[in-house]
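Have a look at the structure below before the remarks.
Labels run A, B and C following the written order; every chain starts at residue 1.
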Amino acid sequence: MDIRVRHLAKEFKTFRALHGVDVDIASGELLALLGPSGSGKTTLLRVIAGLEEPTGGQVFFGDVDATSIPVRERGVGFVFQNYALFKHMTVARNIAFGLEARPRDRRPSSTAIAARVEELLDFVQLSGLGGRYPAQLSGGQRQRVALARALAVEPKVLLLDEPFGALDAKVRKELRKWLRIIHDKTGLTTIFVTHDQDEALELADRIVVLNKGLVEQIGSADDIYDRPASPFVYDFIGDAVGLDVAVQDGRAYVGNQSVPLGILLHGYGTGRLYVRPHHWQFSDAEGARLVGTVVSQRRSGSERRAEVELAPGVSFEISVMPGQEFTTGDRLGMRPQRWRLFTGDGRVFDPTVTGEPLDYEI
Amino acid sequence: MADDALIPDLHLPEPRRLPPPRSPAAPTVVSEGPLARAAIMTVAFLFLALFLVLPLITIFAEAFSKGVGAFFNTFSDSDALAAVKTTFLVTAIAVPANIVFGIAAAWAVTKFQFPLKSVLLTLIDLPFSVSPVVAGLVYIILFGAQSSLGPWLAAHGIQIIFALPGMVLVTIFVSVPFVARELIPLMQEQGTAEEEAALTLGASGFTIFRRVTLPNIKWGLLYGVLLCNARAMGEFGAVSVVSGKIRGETATMPLQIDIYYNEYASVAAFSIAVLLALSALLTLAIKAVLEWRFANELAAGRRH
Amino acid sequence: MGATIGLSTLRRRLNPGILPGFGLSLGFTLLYLGLIVLLPLAALAIKASGLGLSGLWAIATDPRVVASLKLSFGIALIAAGINAVFGVIVAWVLVRYDFPLKRVVDAAVDLPFALPTAVAGISLATLYAPKGWLGQITGLAGIKIAYTPIGIGIALVFIGLPFVVRTVQPVLADLEQEIEEAAATLGASRFTTITRVVLPPLIPAILTGFALAFARAVGEYGSVIFIAGNTPFVSEIAPLLIVIKLEGYDYAGATGIALVMLAISFLMLLVINLLQALGRRRFDRG
């Protein structure tokens, strides 16, 4: 089942959660909705499920306009953030609920329901735990009951709201792989919401990055990480340094130094230049480098970082490669290997995909 | 499933997060000295003995002051039996009505957003701040013989004031808030996630209420019903104003107590009082069990 | 059909949420409250407006009415004050100390809620009558309780007893004892700690309990009339005067007194809500 979201808007009493969102989701795709809290990602998921009525726009399931189909009949499997398991029912009853709630003429026989419950318990590796109550399960087990319950009604799409949010780090990583396996086995179109970029990058076929109710970027993990479409995506995904630059005479200036970008810019005005810490190259070439002073060094996980100051108040971090040794106070010449420049008037430059010609080697 | 081996074993026990054990009554460095402690406890217990224990003992002592026979003799009086019957009849109508109202109001208030919700909440609480006598009075003004509805009601042979319908109506009025007030905070705490989950699984509204909501609120509902019932059975001021206190007809147990007491039939009055006191004690016992055993399934601010 | 369409557009406009039963539950709630609560109160308002301002003024300033209102409000205030003091002490004992049968004592505090007022009334009247157990004792000291304003006060203390205990108890239980330990490490005496560290956060709860007890006491009827003596100008409470006026078919007089009492009750309700909002704002640890 493919899903198309068109100009979707949702206003709550006090704020606008979505301002016209368009997303196409292919059948069988595993899609992540990624964004900070308040970005509208959960609202988007709930509107697709039919748990919220949009104030504008449409949701298509295949060719059918599903916008006004009530959630009961929409055929979505929804896994809630805190699972929303029925506390007073056993695991088996939870899983059977959707089948038992069907009108009599569409309800399977009780033996068929029992068989389906067993099958699903087996599928989520909880065989033998059908008689337990949710309170007697671990967080990861509850998560899988919620998934089994959602799958029991044979949904057309599977929607998960922060599926790993309530779990600790170790269980979270294991369940991540497991969700991918479930997705591949069922072949369901699956959408999940997360605020964790690692989760989205690792798991999803494609990622929708949301910010303040607008889509910032849609793309594969590589697209999002290597070619962020906006300053927001740069700031949100991975480490990056943003430098305020002035664009004039084809060059970008930080203070009074020109940044050796390797291409000729056009236009005048301000902009913001993004470079990831490991995309700085050290250079001795006179005139084609940015010169700064190492002011401090620190360990960051597996690598080391050096803080480089260009001018008082203007500094950024670079990665220190193995074998390189700096001392505080060293003067460094650098040039960005990969970068993106977003100008104040909305244009984007980068060394490879810029639409603007005039490559110019300095 | 051939590729089960791919699936990691996830039967990991979840770390239990219990609050650090601390008995609130355990002596700590910040406790009062033994002397101050004894003084405070003496004051508290004297106060409670004076205002709770002695009145309670008095009821039983007076009822049995002329022996057990005199106590039981009260209930051979047809007026006393009629009063018991009337009380049960009024309660049996008023309490279910307020249960239905309480559930509907709690569902509307906690499951939906709409404007002026706080006004509605205040309105639900309003009867608590109206004197019972005033509650009776407003019904007399609305339905009494002197009201504009009065002649019409009389012409159609409908008697509300000085009859059972009026007593039921004022009883409903004074006990309106109890069930709703217990359910609203409870359902607010529980949120709507389970109901939404049931909805995505295709359940109808009635199924959702019966199979998901009701099991979650049953103890809270019982708690509210208990308080509502106690108030409905024991209401005196409002009912006495609209009942006309016709012996054997419109006298509830509290009204019959008043009648006996004014006739200096002290034993009879206290005998009926014993029944009501026992019912009050039973109410307190069930309430205490609910608070103790099902504290998590009652609203956090469950004490009224 | 038209009504159905109207409801569905209204629903869309309000956007209340997607769970079923919005129209049914809210509609029933409003209808029920309208018929049971608002309609009778509106009837009272209409009746009162028929009296005119001068008519109301004449009723409200009648010396007997003034005396009964003064008595009702005055004694309710004193009784609520007594309950505030002892309620805090009882709450303290229930939260902080361990003793046998604590659960029973805790449950017993709610007795005045559960015991019908008429039962409490005859019991207290008997207890404090000149020949009653306590009446005999106070009689030795020359103090008469039953059939005097003191008796009214006793009844009002009884029916208001649970309010302060039940509002203070949960707040006191939630109070972190660390703040008291902190005060102790800073060299404060136990007395200073209690008065300057423990009591201030309890004040909104105490005031709320006080206001609730007061509101209940002002309108109380059943437990009072048996012990009060009901002498005009001395021990006749306002609710009783309403009943007396009703028995004399003086509906205007009853309405006038009821209106004054309702006005003050609503004011109390407002105060209680404000106090609770204040308590939430100042002491909620979000």
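Rule of thumb we're sticking to: a contact is a pair of C-beta atoms (placed from the backbone, for glycine too) under 8 Å apart; a residue touches a chain by one contact, two chains touch by 3 or more.
Since this is a predicted model, take the numbers as computed values, not measurements.
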**Report entry** Chain closest to the middle, measuring from C-alpha centroids that were averaged per chain
**Finding:** B
Query raised in the report: Which chain maximises the distance between its CA centroid and that of chain A?
Result: C
Query raised in the report: Distance from the CA centroid of chain B to that of chain C, rounded to the nearest Å?
Result: 16
Requested in this report: Report, in whole Å, the distance between the mean C-alpha point of chain A and the mean C-alpha point of chain B.
Outcome: 51
Query raised in the report: How many angstrom between the C-alpha centroids of chain C and chain A?
Result: 55
Query raised in the report: Multi-chain contacts in chain A: which residues touch at least two other chains?
Result: 50-51, 71
Query raised in the report: Considering chain B alone, which of its residues make contact with at least two other chains?
Result: 113, 196, 199, 204
Query - Set of chain C residues in contact with two or more other chains - result: 15, 18
Query raised in the report: Which of the residues in chain B end up touching chain C in this complex?
Result: 23-26, 28-33, 36-37, 40-41, 43-45, 47-48, 51-56, 58-59, 62, 100-101, 104-105, 107-109, 111-115, 120, 122-135, 137-142, 144, 146-147, 169, 172-173, 176, 192, 195-196, 199, 204-205, 208-209, 227, 230, 233-237, 240-241, 253-255, 257-258, 261, 266, 269-270, 273, 276-277, 280-281, 283-285, 287-288, 292, 300-301, 303-304
**Report entry** Touch list for chain A against partner chain B, complex
**Finding:** 13, 49-51, 71-74, 76-78, 80-82, 84-89, 97-98, 101-102, 122-123, 125, 137-141, 144, 149-150, 152-153, 168, 170-171, 174-175, 177-178, 181
Query - chain C residues within the chain B interface of the complex - result: 14-22, 24-26, 28-30, 32-33, 36-41, 43-44, 47, 86, 89-90, 92-93, 95-99, 102-124, 126-127, 132-134, 157-158, 161-162, 166, 169-170, 173, 177, 180-181, 183-184, 190, 193, 215, 218-222, 226, 239-240, 242-243, 246, 249, 251, 254-255, 258, 261-262, 265-266, 268-269, 273
Query raised in the report: Any idea which chain A residues touch chain C in the complex?
Result: 50-53, 55, 70-71
Report summary line: Within their complex, chain B touches chain A through residues 1, 3-4, 6-15, 113, 193-194, 196-204, 207, 211-212, 215-216
